[in-house]
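In the part that follows, the structures are each spelled out as structure tokens.
Two complexes, one shared chain (subunit A), two partners (subunit B, subunit C).
Here is the complex of A and B:
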């Protein structure tokens, strides 16, 4: 028995001793990464010393740890995809990737990962890459603390920052993405996490999410993206503690939800968006403890949505708190704070004694005739608005908050 | 007389049910609300009255077909984007279609349209060639 243990220890130590480290440097013995990759074996480490390396496309099909020392640059010379990884347990860290090729048929990326597992991409910088990090058919991987920046001018010249297609168990944490087509793109991605990322100034969406079930994203910031964030055709997604700010434009949304089921939108902040949340075909989803401030529309609830619950949200300084396009209301709206509420609280329990109707009469008219927004805030509109409040004709009778809160909620105190 | 001719001219222009190019990066898909981005994909319907509906992928067009009570006879033009000639709208009835899991279309239809037959991509993608009528059967029902 002892001999077996001894032997196995010996084998393990030998195996570890086998793991070698290669250094790539302009002055050293190995001057290109391609050479180092060719020499290396599974489990080896390659360290790249500072310098600019122009090597075209480097294909990695072994379990390697590739580390940059002092942020070496891999240059794609506007022609190539830089890394193509097809292996298990590969780590890429501390490298700067610049200027990949741009192609309309092939999605060229700085790092493309295909059919792989256990990949770690950390602390890298990406500048003017077409696609930054591209994962397809990959599982159990980590994308962390990378910075991705693209010029973001002509939308056909830029791809997505972090692009995932058919992946599972991926964590995307603390990345900073700017100026891409979609900051983070998810299609057919399940059981994954998107946390603490900052996605700003992307041409289309800060986050784009399709057919991706059982995912969670929290504490991300989505700022000034062309059309905000889109989450579509998905069930069971949790969106918690995110910030959706300043997404302005004729078709911009803080958050666009389309065909979503059994999901949760909690503790998010929507500030200065044309439309805070747009809901279309959304069912059985809870919206709680969100803050809507200074939006054009805080919530635009299309009649195709049902069984959703709006509870304990703060609505303040929005032009319209809620808009809808139908008269049938199948959603519950209860216990929210509305700064436009003018009711009273005689028994002093903190809950208004008369219901609040968040759908403004004029919002209904604008829904039908968009150009009518020109007359908004005119004296005449104010008059008919008052009349409508007394005797509702246009606004849906049942769309009301029967127990509006008299005071705004303090979520910072309750959540932390 | 001249103002009259001019007015008639305007009137005729106003009535023409002509296709409109898809403005990528600006236009929204009428069905899925996504901003159009990928110039290799897209579709457009123009009604006889001249109303234009734009789509980012072919399945969005069929979803729209299913969702409205407008009958197919009311459309003047049904157009699709040629995969190999980005942004070019071609007549859907005459187009060749390839369906394959290799086709990364915006709404995952997996269908690319072509003005001319493309045997190279058919073999590369191991794609199924389809006609418009066959597509209608697959997506329309």
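Here is the complex of A and C:
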């Protein structure tokens, strides 16, 4: 036993003592990264000096720290995957990756990480990569402060910015992703944290995740994506303080929720989306302190959703505050602020005395016959809408806010 | 012709109705701007005023004015003046004074509070609607000799375009909901100047709700240059056709 301990201590100290640094540069002794990787051992550091390196596919199977000095460029020449990492504790930082190959069969990426642990990808730049960062079966890793830019045109010509499949304990922080298929893609990813990212102008979704339980999303911005953000088949998700802006178009959602359970959507801002939140088969989820402004539909609540709570949200200047497709209502809508509310408050407690019905009758008609949108805001529609408000026939009678707030909530004050 | 226009113009000013109308629009617009700081919302509320009140006022005022100046017209006809000249002078002076009132009443406050997206469209559609309904009023006036009947007819026009037509359209859309109706509805909408004006405004204001497949289709059509030219052209036809029709009747009419 003692010998084993001694030996292992010896090995560790030797390893520590031998942690070396290699410099890769066009002028120096080692001119390629492949060479440096071959020479190095676990725990070594490789520093890449500025220059353009065309090395095809570099496979990293040792615990290395690869640092770029002055943003060296790794060029995939439109043919190759650039880094393939299959080791624990690898750090890649300060490198610019450009022009990977395009292949839908093996999903070429700028950095592909397979079956690894403790990976750090920081401060890198990705330009015109097919997939940017691709993680499969990896745990406890950090992806931080990277910039990914691609000029995606068609969905099949471009991969995802940050793509995770079957991962755990991943932190994705302060990345800037633009023009990919999905900005951030999660499938079977659990216990992960997505914070302060900016996902803009992606062809499909800004963020797309499925079967990814117990994840948390804080302070991300999703701007002008083809179809906003899609969250599907997941439980225990927290989405807090995110911004969903200008996701506009014939199929654009701010946030699309499908088969979500026990989750929380709090303090988010939805501005100028065709549909703020679309809920389908969503259960036991709380929507609190969100702000919906200038959306086409603020919330589209399909009748397949139940036990959701809408509380303390601000709805203002939306064309339709809420739409639904059935008469069954199993959700609670209480204490929200609606700018269309016309009731009164006799006892001055800040709560309206008559309930507000957020579902506009005409929204129901449009839901059934889309061509009817052409008559929106005509005098005739105004009249039938008023009649409907007085005696609900078409709109679900129970879908109402019994204690609407008279004044908009000031969330900036409460969150600070 | 300019002299006749001048006299009719004085006559209109003397009734003070135009002044009241201007003040009403002015106060209305200012009040809306005072109540709401969001200019987009104000434009939306103004749109309701433009689509409801302006056609109504235009058509009723013009009809009443026409009958009130019947004696004047008869007197003028005793002079060596062309019938057409008199009739068109009547049209121009009434139309222009209403447009003038509109420009001051709504245009001034809008410019004063800063142009928002949609405000130019609002001004344009308002002016077009004014002229359309003045034309319709002239048509109503020459169709009958009786003042009460003519006013009734004018009101019916207004009622039809702002309410009945939409009801019918909705009924058609509802009944034939299983068929692809996009093109048909676009064609049908051309038969109602108020609807056309409203859609032109809507495209500036709540585009997002118009999305979805059908919305995207309408957006593609009415939002494109061809669509805008189409809407403006159809509105122009709505001004010209009733006017030409009315002039023809007036020329042959036994006063």
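FYI, the second predicted complex is superposed on the first by the 401 of 416 C-alpha atoms of A that agree within 3 Å, B and C clash if a C-alpha of one lies under 4 Å from a C-alpha of the other, contacts with A are read in each partner's own complex, and residues count from 1 in each chain.
Note that in this section a contact is a pair of C-beta atoms (placed from the backbone, for glycine too) under 8 Å apart; a residue touches a chain by one contact, two chains touch by 3 or more.
None of the values given here were measured: they were computed from a predicted structure.
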Check whether A:118 is in contact with subunit B, with subunit C, with both or with neither, and answer first, second, both or neither. neither
Is A:319 contacted by the first partner subunit B, the second partner subunit C, both or neither? second
After the superposition on A, what does A:272 contact: first (subunit B), second (subunit C), both or neither? second
Spot which of subunit B and subunit C makes contact with more residues of subunit A, would you? C
Check whether A:280 is in contact with subunit B, with subunit C, with both or with neither, and answer first, second, both or neither. first
Given the touch rule stated above, what does A:203 touch, subunit B (first), subunit C (second), both, or neither? first
Thinking of the overlay built on chain A, is A:43 touched by subunit B (first), by subunit C (second), by both, or by neither? neither
Let me check the overlay on chain A: which residues of subunit A are in contact with subunit B and also with subunit C? none
Complex contact set, residues of subunit A against subunit C: 248-250, 252, 272-274, 294-297, 317, 319-320, 365, 368-383
Looking at the complex, which residues from subunit A come into contact with subunit B? 104-105, 107, 155-156, 165, 181, 187-188, 203-205, 210-211, 226-227, 230, 232, 251, 256, 258, 278, 280
Using the touch definition up top, name the residues of subunit B that touch subunit A in the complex. 24-25, 28, 32-35, 37, 39-40, 86, 104, 107-108
Going by the contact rule at the top, pick out the subunit C residues touching subunit A in the complex. 38, 40-41, 47-48, 51-52, 162-163, 166-167, 169-170, 173-174, 177, 181-182, 185, 189, 194-195, 198-199, 202, 206-216, 218
